[in-house]
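Each chain carries a letter (A, B, C, D, E, F and G) given by its place in the written order, and its residues are counted from 1.
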Amino acid sequence: MGENIFVGIATWLRGLLSGAGVPDMWNDTILLVVKLVAILLFILVNALWLVYMERRVCAFMQSRLGPIHVGPKGLFQTAADIGKLLGKEIILPKGADLLVFLLMPVVIFIPPLLIFGVLPFGKNMVAIDMNIGVFYLLAIASLSTIIFWAAGWASNNKYSLVGGMRSVAQMVSYELPLILALLGVIMITGTLNLNTIVDSQKSIWFVFTQPIAFLVYLIAGMAETNRTPFCLVEGESEIIAGPYTEYSGMGFAMFFLAEYANVMIISAMCTVMFLGGWLAPFGLDFIPSWLWFFLKMYLMIFVFMWVRWTYPRIRVDQLMGFGWKVLVPLALANIFVTGVGMYIFRAIGWWS
Amino acid sequence: MTLTLTVSLYHYLILSAVIFGIGLFGVLSKKNAIAVLICIELMLNAININLVAFNKYMTPGDFVGQLFAIFVITVAAAEVGVGLAIIIAIYRNKLSVNLDDFDWLKW
Amino acid sequence: MADYNIPAELMEALKGKFSGIEIMENGDVIVPAADLMAFMTEIKENPDTAMDFLTNLTASDYKDRLETVYNLVSITHGYTLTVKVKLEDKENPQVPSLCPLWDGASWQERETYDLMGIVFTGYPGHPTRILLDDNFKGHPLRKDYQWEGGREA
Amino acid sequence: MKTETYTLNLGPQHPSTHGVFRIILELDGETVVKATPVPGYLHRGIEKLAEARTYTQVIPYTDRMDYMAAMLMNWGYVAAVEKLMDIEVPERAEYVRVIVGELSRIASHMIATGAYGGDIGALTAFTYTFRDREYVLDLLEMVSGSRMTFSYFRIGGVAADLPEEFFPAVRKFLGELPAMCDEYDGLITGNEIFQARTKQVGIITPEMGINYSLSGPTLRGSGVNYDLRKVRPYGIYDRFDFDVPLGQNGDCFDRFRIRIDEMRQCKRIIEQALDQIPEGPIMAKVPKVIKPPVGDAYAEVESSKGVYGCYVVSDGSPKPYRVHFRRPSYINLGYLGKLCEGWKIADVIAILGSIDIVLGEVDC
Amino acid sequence: MVEFALHNAWLVPLLPALSFVIIIFLTKPWPTLSGLVTVGGMLTSCFFASLAAYGVFTNHKYAEEPLVYATRWFTAGELNIDVGIQLDPTSAMMIFMVTLVASLIFIYATGYMKGDPGYSVFFSYLALFGSSMLLLVLSSNLLQMFVAWELVGLCSYLLIGFYTHKISAREAAKKAFVTCRVADFGLLLGILSLQIIFGTLNLTELAEKIHNFDQYTTIGMMTLMAVLVFIGPIGKSGQFPLHVWLPDAMEGPTPVSALIHAATMVVAGVYLVGRMMFLFHEVPSAMELVAITGAFTAMFAAAIAITQREIKRILAYSTVSQLGYMMLALGVGSLTASMFHLWTHAFFKALMFLGAGSVLHALHDRADVWKMGGLIKKMPITGYTFMVGCLAIAGVPPFAGFWSKDEILLAAFDNGNYVLFTMAAITAFMTAFYMWRLFFLAFMGEEKAENHPHESPWNMTVPLIILAFFATVGGLVGTPWAPVWGEWIFYGHPHHVEPNYVIMIGSVVIGLAGIYLAYTLYLADKEKARAHALAKQFSFLHSLSFNKFYIDEIYLWFNHTIVDGSAKLFYLFDIYVVDGILINGLAAFTRLSGEGLRVAQTGRLQNYALVFFLGVLALAVVLAFTDPATAFGLVTGGAK
Amino acid sequence: MFGQGLIKGLQITWGRMFDKKQTVKYPFEKIEMFPRYHGRFELDVDKCIACGLCANACPNKVIQLEKEKVDKKQFLTKYIMRIEYCLFCGLCVEACNKDALKFSNIIDMNQYRRSWVRLTLVDRPAPEPTETPEEETPAKEAKSEAAAGQAPGKEG
Amino acid sequence: MELLDSISWVAVAFHTLAAVAVISALLVVFVRNIVHAVLWLAVFFISLAGVFLTLNAEFIAAIQVIVYAGAICIMVVFGIMLIRRWNMGETNLFNSQTVAAAGVVALVTMLSAFLSFKSGVVEPAGDVPVNQVESIATALLTKYVIPFEVAALLLLVALVGAIFLAKEVKADDADSHS
């Protein structure tokens, strides 16, 4: 019933516009803009909610209650926090590179926004259906590295710079296993299109056929989003807040929200690549596909939080060693096994 | 007046030429070795534009241009890696990356 | 409470070796500043005593003298020993540093210098203030120290 | 890669220096070339303050040194004055002292455990230990009326007898303590990431430990069996049967693990004390105004951080002529600079946490 | 299933390779798991191999035209290189034999290497070794075969030098590697010239083309190529004079020795010559070279083996000798006999090596046979299985060795070359003698008090029993009365040899005579007085044999005197003539002229680039605004 | 070995998620303090004889009391505790012979200004002689206009 | 409206992106802070990826972003961080031959622009196939396998070379060299 709510809205809007005599080209453009704005709103609202969720999950795991005062069950706590942060002074450190310093909190939101454009949220629900979706996704995701670094560098603070350099080293190193882990899935599906990848999981999710890849992806994803046990970039017991040390007020909030946007992206990608995207398991079709997508995405986000509030932080040389000496070979082995498996299965004829 | 905003091969070629020129200017006139390295990247990118543009306008079917662009990108990556390593190695000895200081090519 | 003092015969032997030392009735030893280093080396290196652990190092300010106090422990034998050095010169008190023997003396000597103003000669580098600010004037644990200020009126 | 070193000022306001404490790090990349600890930001001059107070009035100030284990801080001072005056403490008071002292030690070790987890990045462990520490503090509050700064000991005994409801409560807590320790073990000690962070990091050899006058878990982590309660039992510790956990490698992991093991030993001691505690007075016969004879005394107790000693000089007046405290944290900290050299920034935090300092005690 | 195995024979080398990868990347920290992975991989491989062998041997068409699966590997210009597998009875037999023997050795190694710190690494090497050998066997073209050949060489290097803490092991590994590399150079030259002349390296295509080689090249060139190709096997199979590395290779762990000497590395050479029979067959002189080399090596090595004292060294020289036999068989044109001996030899030699390993294991690496004795009482399984091996190698019917050796003798006799035949017969006598000498000294006689032998664990004895079984009945597939073997493995066309009872009985007599001589010298005579007396009497011959005919010393002398001497000569020439006159003189001239040009040189890269681009600009202008022909003239003219 | 500890940790946190929560919703829910709790001070003026033992016992000179002599009895006119300096050690309560000074269970003593925490327990004029004073101002609210105390010379 | 209809989006996109690319390239050369230059370089790379998109070369565009913006910029940044010792504001200066270089460059640019312009309007020879990745992959692994392998080797060599060059020189070695 709710299956086509969003598709319906889009069709209605399109009809409305063409009824008003808008040419097709402009019609497409306006619709695209509407979709992107909707996605931006979606990210922001979700990030707000995720901050609250993180605090509650964390509190529950620590035998606490967490925020309870603002709104029912403390639901509006983050909104209140944002309100407070908006009212705060943005402190400009002495000797900082002001242009870069002020620009980076704004720019940090661009990659997540660009990525959500190609994610299939549900059946027929994707803003831009891109042929090389996975590749595009990875390309954009690699951009945020330099933003983190620039934020750290521009602060003119040694802690920020150390954090920035750490973020660069960490994100570049873990991009490799991330990509290699996805290669297994891409080999099986033979496509880079996210919709097709989801479609090809109709019979079985790739988490079952590619468990190693899933694991590698999960770990690398945690590292890419700078979350515990890989939160060296902002490891507060070592370098205070890493690149964000000097940011105050809304600048800090932007980074904070962007972190959650990144978590969403990694989880959403995980959903698409390994958990069958918007496909309903056990034939539970009466729940709309987009709801399934969000359910799985939140499940993944919960796993991220769960891990974060359980594990300690790894050290920087161990982080590098783990990435290069364990994850990359594991991902390569997975590719090899996948290839051999594909060949054997084809030879036996169990799979074509 | 009618605004004719079109694209054709020569647009790309001119863009490429301009970027190549900017890169070349940087290569010839920057003091900092890393800046020179960056400008070489500009030049390589200009070449990539040419390759991909020719690919589309000349031989869209068989991807020769795109393939070549991929190789250029590979070479660029290798070049930056080695180039930076050399610069760092020199920096260790000379404590400078100012190209004017590097006149050891003179015998 | 059990007694952990060094057996009397060992003390006698020490007394024989260092004529300048003075043994109190409760077992404490008073050593002249000149003999301190040799005495400490002896009781540390001698396997019979083996005073390998410098527990405590402090000083107190008496009317006529400053006095440094060293509390030593032998982890091997379980003995304890208190060594005191009397410094008559209150203006410029100097006592040999024990840093060459125990690295653990380093911070304690710095603290003593900082608060009591006793200079430890032979300390690697000059002992610097550790608890107080580098620009602080005076040594507050001296009895003659006066500080202006305090709780608000 | 040979790069320039640079200086990083860790503290005095830094989340994991456990207070206002500063380390000046000379770094080559992430590797520490030289570390210079700078204490003193919390110096209050307790030794000087004591000279203007009566002997009893000094007790509240000792609370403020190691506020994580204030009972033990009281004990050291009180023991020194008692030694000076040659006071025999009543049996029951001794047992009460042991019980509250060991409870205090448990509380302190819980903080150390949790805070160390927090240093390594496992914040949940921090809240778990704090949650469990609350039980201990409840018990101590029941006895003394305060949650942290108890001022419970008096020269010649303790301030008040144990209340009736204390006994079932402490037994209930001791019954739960092993499960708590197992939970810390499961969450922190057993965690592979934690082990990777702490094993073979910041190794203190037994020789260096003794040479630097380290004490407490910091020294016992290196395998040196130096626990005053066993070596020179003060009070009535010779009546209890307990083990001294020792480490083998002297690394951060051993120092950390010992604390959890010590909590289990504390349980044994308290249980025995509860079984043996006799009826009787809790204060010795002490004059109203305490005027010890002229002389000096040095007494040591084993606090949760190490050997805590107190040196008292009396001139016969009601006020102590000179008081000096040998604070274990301060002396343990003296080795930090050497210990950090060659490790990464993150290891500095791990090493500092494993020494378990309290800045109130360091700066006194 | 058989069909699947036939069409997917590439799985056979792949599975060990896979276990190699798994060990290296995953299971390295868990030794037991690594062992299991390797053994499991090889057993699975053995399963597929036996299925494939079964498939090949039940369908007679594969004997005529091999089953080839190949795909294009790469293309470079004219050069097309395939990669693929070729299954015919020869390779099917080989993969079956290799996987079987290797599985047994791997199982044995799980017991033998227990507790070694490098357990996982050792098994990964073993797996890679097995994989490369199988790849070599299955190769459908020479280049692929060469790659596998080199891989085998690399693995042997790694395995022989496995005990890196032992200097002798490192030296032995280096020796093996260098010696083989010398030989491989010849092989590579041969392969290259084959490619150049015939334009292909596929075995089937090559066979066809070589059959009509007159269209491509001359007989002289063919001879050269055959000799070049033969150099490779000389090195790899330890033929004289490049046999020196093989006895030293005993420094590796015993399973490695067994693997190298029984089933894999050393027979690779024989196998290669067998595979290239079409080449050698066209060149009679090359055939003779092969035969003579083989016969000489056989006798030479046997003569050395007589006097050696170390148990593994005796076995090593015996291997060299037996390989000589195989070469001899090939040289006289009998692929059947050669491969048959290869097959039986694999079993009994693996058996004996593993038995020797078991002995060493029990005696804690005390290797001198004179210091052993009476072991059979304490180690019955090892002892009796070893005896089976000795019976087989001595040529006592009905054990496996008898049939294959008999076939070789017969082939040599039929070929009409009686000198070779005599040499082979003498070798057979010596073989029986030295093997039984070893047996009597080590296993019979009095027990030595200082030894405390004990039977090895089950995972070491079970392979021994299985191998003993094969060493007993393995030869029955090729008896002269039921020549099943000859039906399948042959070159050209299968020929049925009539049983020649004279030779048969003669060889039995020779063998028994050798055994008897050993018995009288070493068992019946408790004091071994006669043996010592004999050694004293022929002390020159004894020391010659004991010191391995001073081959190693000759090599050393050659290196030190000839090579270094000539190098010194060249050095002097270089210093005085080349440097003095040519270089410095020219340099002086150049420097003088350079001084003049130096002014133009700023040393700044950007300056040069600027000038360079000016030149480019000028050229571009010229090229752009003139037509190409005149532009060319302008540019070249400008240069003048 | 590898991974076991990681999974164990996840199990523990997962289990804790559904456990009873340890914190309380503070302003709405409060926990009972123990009888000996060192809370806010209470002074039973009737019992107090203004002897000044408490002020003497205090290590930090927190207590300031003023008294007048009325009818040969000490009459307490002013009793101020400068809580901002108080160590809550309980020595004053212990010193009180008449059981007049006590701790209560009240924990809410926080104020917006440092000086506001000052506790004025008694502030009353001295009665006319021969008259028994009736009025009593226990002054539950802290006041800012307290009398300033005299600082002892060299303490901080 | 009509005016707007005559414009193709591709043209608009191209001209915008080209303008961004040229401006950012100029800034790369002319800003005085080398870190800013690198950041502008990233902008340049991304805008060039956009240009590639207008050429229907999605794959190249993605690679451009991954390799250039994601990796090369980072590498350069690392290089700068490793050797910074001076005032950052004065790190991207011109040398003495700037004027001469400007002359040569102007000539080179004008010449090539002129030659480009001579090519005139060229329509695409056909449609670029939709499924590019597969075709590129096939071509790379069949027809161009040797260049592909050589490129792999080149990367390896570069990797090894870079590590060797930038490796820390041992103290005693460094002394003997300097």
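Points to keep in mind about this one:
Keep this in mind: a contact is a pair of C-beta atoms (placed from the backbone, for glycine too) under 8 Å apart; a residue touches a chain by one contact, two chains touch by 3 or more.
Remember, predicted model here, so these are calculated numbers, not experimental data.
Listing every chain that touches chain D and chain G alike gives A. Counting hops only between chains that touch, chain E reaches chain F in a minimum of 2. The greater number of contacting C-beta pairs, out of the two interfaces C-D and B-E, is seen for C-D. In terms of the distance between Cα centroids, chain E is separated most widely from F. Averaged C-alpha coordinates put the centre of chain A at 63 Å from the centre of chain C. Centre-to-centre separation of chain D and chain E, using mean CA positions: 71 Å.
Here the spacing of chain C and chain E, counted between their Cα centres, is 79 Å. Centroids built from CA atoms put chain F at 43 Å from chain C.
Counting partner chains per residue, chain C shows two or more touched chains at no residue at all. Residue positions 59, 63, 71, 78, 82, 85, 95, 97, 100-101, 104-105, 108, 112, 132, 166, 169, 174 of chain G are each in touch with at least two other chains. Counting partners per residue, chain A has 61-64, 309-311 as the residues that reach two or more other chains. Those residues of chain E whose C-beta lies close enough to touch chain B in the complex are 594, 598, 601-606, 608-610, 613. By the touch criterion stated above, chain G contacts chain E in their complex at residues 95, 97, 100-101, 104-105, 107-108, 111-112, 115, 145-146.
Against chain E, in their complex, chain B makes its touches with residues 24, 27-29, 36, 99-100, 102-107. Listed in rising order, the residues of chain A touching chain F in the complex are 57, 59-65, 68, 306-307, 309-311. Touching chain E in their complex are the following residues of chain A: 329-330, 332-333, 336, 340, 347-348.
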